[in-house]
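All remarks here apply to the structure that follows.
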Amino acid sequence: MLFAELIYALTGIGLFVLGLRGTLLRRSLLGRILAINICGAGVFLTLIAIAYRGPGLSPDPLPHALVLTGIVVAVSATALALALGRRLRESEDE
Amino acid sequence: MSDLIGLALVLLGLTFFVAGSIGVLRLPDLHSRLHALTKADNLGLGLLCTGLALIDGGVLNAVKLFLVWLLVLAASAAAAHMIAQQAMRQERK
Amino acid sequence: MSTTSAALLAGLVVLLLTLAIGLARAVIGPSLQDRMLSVQLLGTGGVAVLLLLAHVMATPALIDVALVLALLAAVAAAALTRREVDDV
Amino acid sequence: MMATQLWQITDLLLALLALGLGWAAVSSRDLKRSVVFFIAFGLLLAIIWARLRAPDLALAEAAIGAGLSGALLLSALRDEGETAGVDDIQRGPIAALLSLLSIGLAAALAWVLVYTLGIADPVRMADEIAAQISNSGVTNPVTAVLLNFRAYDTLLELAVLLAAVLGILALGPARPAYRAAGPLLDGLIRWLVPLLVLTAGYLLWAGAHAPGGAFQAGAMLAAAAVMLRLGGHPGAGLPGPPLQRLLLTAGIAAFALVGIALMAAGHALLQYPAGWSGVLILLIETAATLAIATTLAMAYIGGRPVGWGPEAPTTKTVHNEERN
């Protein structure tokens, strides 16, 4: 087990839990969406940490491809959630 | 020899980063902090890029490093200006 | 690892500590602009970190990443300070 | 020996900074602060990807995590209006209980992680991929996975992106535009946008043999669109609606057409014939880059641009009078 692998994977878990807690404790929709993004970043970090194989070896490209698409999907999901939130507020105002 | 000069330049660049950070932390108001940040960081990054280009020795990488420095220089000058402008807008209110 | 690389790695540690100090300003504030300034510092410092990493890890592709980060830090700064048509 | 310890300090510092910024982004009472910390978090994450030898991710994160997500959240923050500045965190016994549960969950997950990592050296797909890479038509393993070995997944990914943007288009008209840029920002845009487009082209081309590819290039192009919109161009530099429709579906269309053509030629769906993979991958990637860029740009605009149907209702102005 590599030091870097362990440290970053644990950091990923920490971020996941922080994000989860934030998602539940935030009052505003925007705050919750932001917290979910941190949550997702934690999952990504854990995956990439496990893919890391030390200075001599090239890392596992499969999780890299997975996370790469994950980042793009996450940002479009965020945009959709924000648009939904805006529509929600507009219909409350009416 | 060029390694040593390069290393010295990188080290000098880093001292500017340290000075810039301390300035950002210690100076009394926003505008002087902005001043500390832009001056120190851009000079620091310039020295660091020059140093790394000397250590690396390749022409292509040297060109890229110079380009990175130019970009940061222009971008951070614009950014500092926009931040200061926004601050002044809010101070007027 | 060569002595030069080891020295640059030590420099990287110093730089990261410096950035951590700079980020303290983001926590203290007091104004929003102070926090933005701290992000700007992280942008420039991040470029420097990437350039050092590119050399220490012998991965020249990281210079491209530094270039992209420099470009995007400017976009972030613009996004942080822009006003919409009907803003005051 | 010395170097090992220096690396460990570097890793610890980066990990602590990530946790600190993540904490600050999630736990700030004020949403504005949270968003600023979130942008800083994105910048830091790009550095961490670089450290973990994932330059492909570092490129995408720099464009999306630091640029696009931040810009998105900042424009949503404006809609939040007067709720900004109010304490956004719930407190009290339930919050305390939740924090305790979180610590428990973190401990359990950490135990599972350490246990799993400690079992044995796992079977790695990396070796499999390395053995097959010479048949893939590209030499960047991440591109090989995305466009060849797991091309189905990427096709579906593009469908997910399209679904998201269709949802956004269905929800309402575009967000209000930004003020016209002053001379400073205008000057910045004048050189930044061409450079972003140029870098996107470079990343698309480089993706075959070096870090880069359709996702990174698309994100860079989208960043250029964001920059244009911030500078007061409401359409973000996108072409007219008919062409927008075409661009949104370009990625899926290219994938599907190549797949069908291959089936007609007697191959399996998306099984590239020997010698053709490089060209076909570049073709699909070019279309995908345009599709991803258009999708992300329209996601940033946050609704139907002018020309897509019913225009902006008047509710927005009422909203603003209250706030000011």
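Labels A, B, C and D are assigned to the chains in the order they are written; within every chain, residues are numbered from 1.
The definition used in the following text is that a contact is a pair of C-beta atoms (placed from the backbone, for glycine too) under 8 Å apart; a residue touches a chain by one contact, two chains touch by 3 or more.
These numbers were taken from a predicted model, which means no experiment stands behind them.
Any chance you could check whether B-C or B-D wins on number of contacting C-beta pairs?
Looking at B-C and B-D side by side, B-C shows more C-beta contacts.
Quick one: chain B and chain C, Cα centre-to-centre, how many Å?
Centres of chain B and chain C (C-alpha means) sit 10 Å apart.
How many angstrom lie between the CA centroids of chain B and chain D, rounded to a whole number?
Once rounded, the distance between the two centres reads 27 Å.
Distance between chain A and chain C based on Cα centroids, please, to the nearest Å.
21
Which whole number of Å gives the spacing of the CA centres of chain A and chain B?
Each chain reduced to its C-alpha mean, chain A and chain B end up 30 Å apart.
Listing for chain B: what residues touch at least two other chains?
71, 74-75, 78, 82, 85 - these are the residues of chain B that touch more than one other chain.
Two-or-more-chain contact residues of chain C, please, as numbers and ranges.
Within chain C, the residues that touch at least two other chains are 19, 36, 38, 43, 57, 64, 67, 71, 73-74, 78, 80, 88.
Which residues belonging to chain A are in contact with no fewer than two other chains?
Residues of chain A never touch two or more of the other chains.
Using the touch rule from the top of the page, what pairs of chains touch, sorted by label?
Every pair of chains meeting the touch criterion: A-D, B-C, B-D, C-D.
State the interface residues of chain A toward chain D in the complex, per the touch definition above.
Touching chain D from chain A are residues 1, 3-11, 13-22, 24-28, 30-31, 33-35, 37-38, 41-42, 44-46, 48-53, 57-62, 64-65, 67-69, 71-73, 75-80, 82-87, 89-90, 93-94.
Can you list the residues on chain D that touch chain C in the complex?
For this pair, the touching residues of chain D are 2-3, 6-7, 9-10, 13-14, 16-17, 20-21, 24, 32-33, 36-37, 39-40, 43-44, 46-47, 50-51, 53, 55, 58-59, 62-63, 66-67, 70-71, 74-75, 78, 176-179, 185, 188, 192, 195-196, 199, 203, 206, 210-212, 220, 223, 226-227, 230-231, 316-317, 320, 324.
Using the touch rule from the top, collect the residues of chain B that touch chain C in their complex.
Those residues of chain B that touch chain C are 3, 6-7, 10-11, 13-14, 17-18, 20-22, 24-25, 30, 33-34, 37, 41-42, 44-45, 48-49, 52, 55-56, 61, 64-65, 67-68, 71-72, 74-76, 78-80, 82-87, 90, 93.
Any idea which chain C residues touch chain D in the complex?
Going by the criterion above, the answer is residues 1, 5-6, 9-10, 12-13, 16-17, 19-20, 23, 26-27, 29, 32, 35-36, 38-39, 42-43, 46, 49-50, 53, 57, 59, 61-62, 64-65, 67-69, 71-76, 78-80, 82-88.
Using the touch definition up top, name the residues of chain D that touch chain A in the complex.
Counting only chain D, the residues touching chain A are 7-8, 11-12, 15, 18-19, 22-23, 25-27, 31, 34-35, 38, 41, 45, 48-49, 51-54, 56-57, 60-61, 64-65, 68-69, 72-73, 76-77, 79-80, 83, 86-90, 95, 98-99, 102-103, 105-106, 109-110, 113-114, 117-118, 124-126, 129-130, 141-142, 144-146, 150, 153-154, 157, 160-161, 164-165, 167-168, 171-172, 175, 213, 215-216, 218-219, 292, 295-296, 299-300, 302-303, 313, 315, 318-319.
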